[in-house]
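To keep things clear, I will list the structure first and then write my remarks on it.
Letters A, B, C, D, E and F name the chains as they come in the text, with residue numbers starting at 1 for each one.
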């Protein structure tokens, strides 16, 4: 029999501090820094900070683009804060599309769990890397590059996108160009689109100017 | 109409170099460095380097622990090299278990796609964070900490584990302790297990000494 | 008087190895890794690897967009390899524009040295951050976000853009969408642009499909 | 003679801010983030934040495993916060052992200063790397891998372990498995140990369930 | 026409959180961490946080070393916080010099915009890399190495130094050695300079001891 | 009894690849990259790559500065390559001194094992942090800052310096200034030292110009 009670105390003290560094559950009310959210006190951390059921429900894709993205980034799943990983669920109804977009902060690894999804990214050399993915297929999209997904089948498609960051960010090209107050003349000059096109898209996306 | 042919050449030159840095598809025959594999020449890169269908097949779990892990790390999916992300598929038959293990190189984010999985990790403070996960549930395991998964339902369970590294590594505690030639006396001294236990597990795991 | 010849040898041995780690001048013919180019042998390194006069000449902006970008990234200035910094020169004639683009691999810090430049970036929240910059003004653009520059004055404008990476990459939105073989139908579905617009821009940018 | 008073002021202003970034002494009462503790105000920083005498005393190893680890991590030596380095002292009496453990957050470099220590680590490939170390010998243990140290001589052994992190963490396998409330049945299923062994070790290590 | 109002809300929620991570404008009154300043609330962020006109004015170099450095680091340009980049302006009158110094936290990329500057750095192998730079020339100085700049022409010289860090730091050798209370005897012992030299420089630089 | 032979093969395959990423023992004849040396093939890796006895011998300090530094960086201890840690031994005879120097690539943590050492560093704010250290005392020196050690007792002093890098580098101020061919006039201009001092030190340190 081994009595280790004496050593437990000193080792336990080390362990306590070690635990603080094992993870840093996001204190969503606390300060943020370039490295992420401040850490919630370990005393208040439970397994619930590391789990989520929010991605197990099919989202309502009754919108025009027939697609929804449900994220589990730091803000939704505090346990990922500082761990360099996060995930989101993609629901695409038949005909649904996730428009051209980038993730400035992370690479993406897509896993199709239902249906058929055509996905692709474009490199800085303007080369297109595109594939039709079926259930169980995976595809990786390097950080910061334009990419898209669309439902290429006749049934609702579901996929899960993992990211190499707790908060990879999301910039949807059309929203960035047309959903704000960037003056139309500037949009035209910097995209070569004509005024009619710019005005039309601004109108539907809620942009002004 | 906009003629941009003149600018294409100079901008295209920048873009080519940029493409090299967008990704670094693993040259599996080339040298490795602390940052990953050397890069395959961009000329030889195709979309196939970024996709895989190897995780869409249920693995044969007819083994004693009734579980199999199928990885898509750098070595299997060369496109993830240097991107800080990878994935693996877990198949657990009823009663199946992924034994206690760690990933020295990355945090893990688990997504259950079928069945019921009981999963948990232990912090450096020896606190247990455990949850029973159903389809669509997710759980994150901080880097380097001991964790496990087991099938907690009556049907085959399937899950996908994403990692915050292209090669997160995998150290299964029992294999590390019993499946090699580490002398039994040392195993006993460093684990408090008795000789009979050590010898038994060495015997079944193929260890010697 | 201090004779330190004896110590020079041992300290010098340390220093030699230290020098290798001080920098890693790009061996442009060698292998690349996620961390950059392999290092040229220190024996062959001279000050010329760390300097360049290629940015001191006004580029010929007689093209339709009346702008040129001249980079000094790893491939052009081998000394920056692995140092996390690089630079490029922007020349914009009156009416010139650097179209909407991103740098997947780095943040940018722009310094105007001549003329007047209107520059802006769009955040993931679609908010526009825009400013008219005069000589000596600086502006920073966070990594991966869409941004643009255009000449807002009546004289040629010159600026220098520093990057937080030796190879920050460059993805010009229009080129990514229209200058390759991404099928027009896909461009339309993922950008909401109509077929006429897509075909027109593909035609001028050399795209097919 | 050179009067530089005029320049002192402007350069001093730069220097002050620079000093803040030179180091970030841990404010142990402040918030923590994934990058470490918040910084103590430079005004309150003294040399005492960067030094410690706490590792110069032989610890009392009169416990059953005849070993003690005395850390100087961020929490004990605030000056290491954010610097990527820390250290701990190991005292092992004859027969003493530091049981199988990992450091999730850092690699370890061991230096023996007294006695004889047998040390080893196990790779993810289950290969054992083991050596008997004498005074002045050093050994490095890669991050996150299982390793151990034990006194292989007849006199008290002392060693100092440096880490590539200000808070490398510490997970002792036996404590993680047996010193908490992880149900015995789960321990058995995930380690292949039998119930008698699990119950015995839980009893001595203070575990329940 | 495309109505995307329904999707805007959910995507907008993602985008808002993404924006937080796009940048982290320094809250100069908030806490600092090893990763930089805490983030200012996005609500209060404007384009002014990302721009500066403070570097467009020639500094008054009527001091003895006839040179001034005007920084735009995190503290002066809050938008660079966490972005890995910053910049400073160098003004050197004829005969002016930026004395031997290092930047502990970043590499430097110098761009000459006016006049002629002789610049150089010394590697750990004590090799000198030196060049006379004219307008438009650039030179990179690897992180942490000693370097200098001086005006090598007959007109005021101006240069801009970009850094691979938002707060690269600045240690001027002479100030470090002579402008504080480091005892003269220690300066002599650690630099091989004689007492007369040390006392003289301490006197002019405001040092004591 | 548990038969796990079936699972061994598949898990073993994962483990093999994992082992490659556990460490990257330096192939000293291979290419170097910004991340370190290329990796030696795992087949050829033995425990000898991770251990060294080269620091257990007192160095011969019969030189004028009565001090020697014996490094165990990547080049001497290949196992540390890519692990972010290394170590060196300092021997200082009575009156011995390690002159003012910096480590551009890493922070340093000093442990005194014999004698008495006075050590200190200077911050960018020119503040001196200095302490007399006895056996068992430790002191940390932030990366890139000037620091020194000298023997403050009457017996030989020994210390071990750990670094937060496998190759932290070493720049000794006097060597950088006087042991090369940097023209004397430049040394004078950039350090405020007079010509006599510069010539004297160049003479003893083997410098020219």
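To be clear about the criterion, a residue touches a chain if its C-beta (ideal position, glycine included) is under 8 Å from a C-beta of that chain, and two chains touch if they have at least 3 such contacts.
As the structure is a computational prediction, the values presented were derived from the model and not from experiment.
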Smallest count of steps, each to a touching chain, taking chain E to chain F: 1
Equivalent interface positions on chain B and chain C, same or different at half: different
Pair from A-D, B-C or A-C with over half of its contact pairs in common with E-F: A-C
Contact-richer chain pair [D-E vs C-E]: C-E
Distance-maximising chain from chain C - centres being C-alpha averages: D
Geometric centre distance via CA averages, chain F-chain C, whole Å: 35
Euclidean distance of C-alpha centroids - chain A vs chain B, Å: 20
For chain B paired with chain D, centre-to-centre distance based on mean C-alpha positions, whole Å: 26
Residue numbers of chain A (touch at least two other chains): 2, 15, 18-19, 21-22, 31, 33-35, 104-105, 120, 123-124, 126-127, 130, 142-145, 169-171, 175, 179, 192, 204
Topology of the chain contact graph, where touching chains are joined (line, ring, star, complete, other): other
All chain pairs that touch each other: A-B, A-C, A-D, A-E, B-C, B-D, B-F, C-E, C-F, D-E, D-F, E-F
Of chain E, residues touching chain C in the complex: 2, 12, 15-16, 18-19, 21-23, 42, 46-47, 50-53, 55-57, 72, 77, 79-80, 83-87, 89, 106-109, 111, 113, 120-121, 123-127, 129-131, 133-145, 160, 162-164, 192
Residue numbers on chain B that touch chain D, as the complex places them: 97, 99-100, 102-105, 118, 120, 122-124, 126-128, 130, 142-146, 148, 150, 169-171, 173-177, 179-182, 186, 189-194, 197, 201, 204
Interfacial residue positions of chain B with respect to chain F in the complex: 31-35, 59, 62-65, 67-71, 73-75, 88, 104-105, 165, 167-172, 175, 179, 200, 204-206
Residues of chain E touching chain A in the complex: 1-8, 10-11, 14-15, 17-22, 24, 27, 30-31, 33-39, 81-82
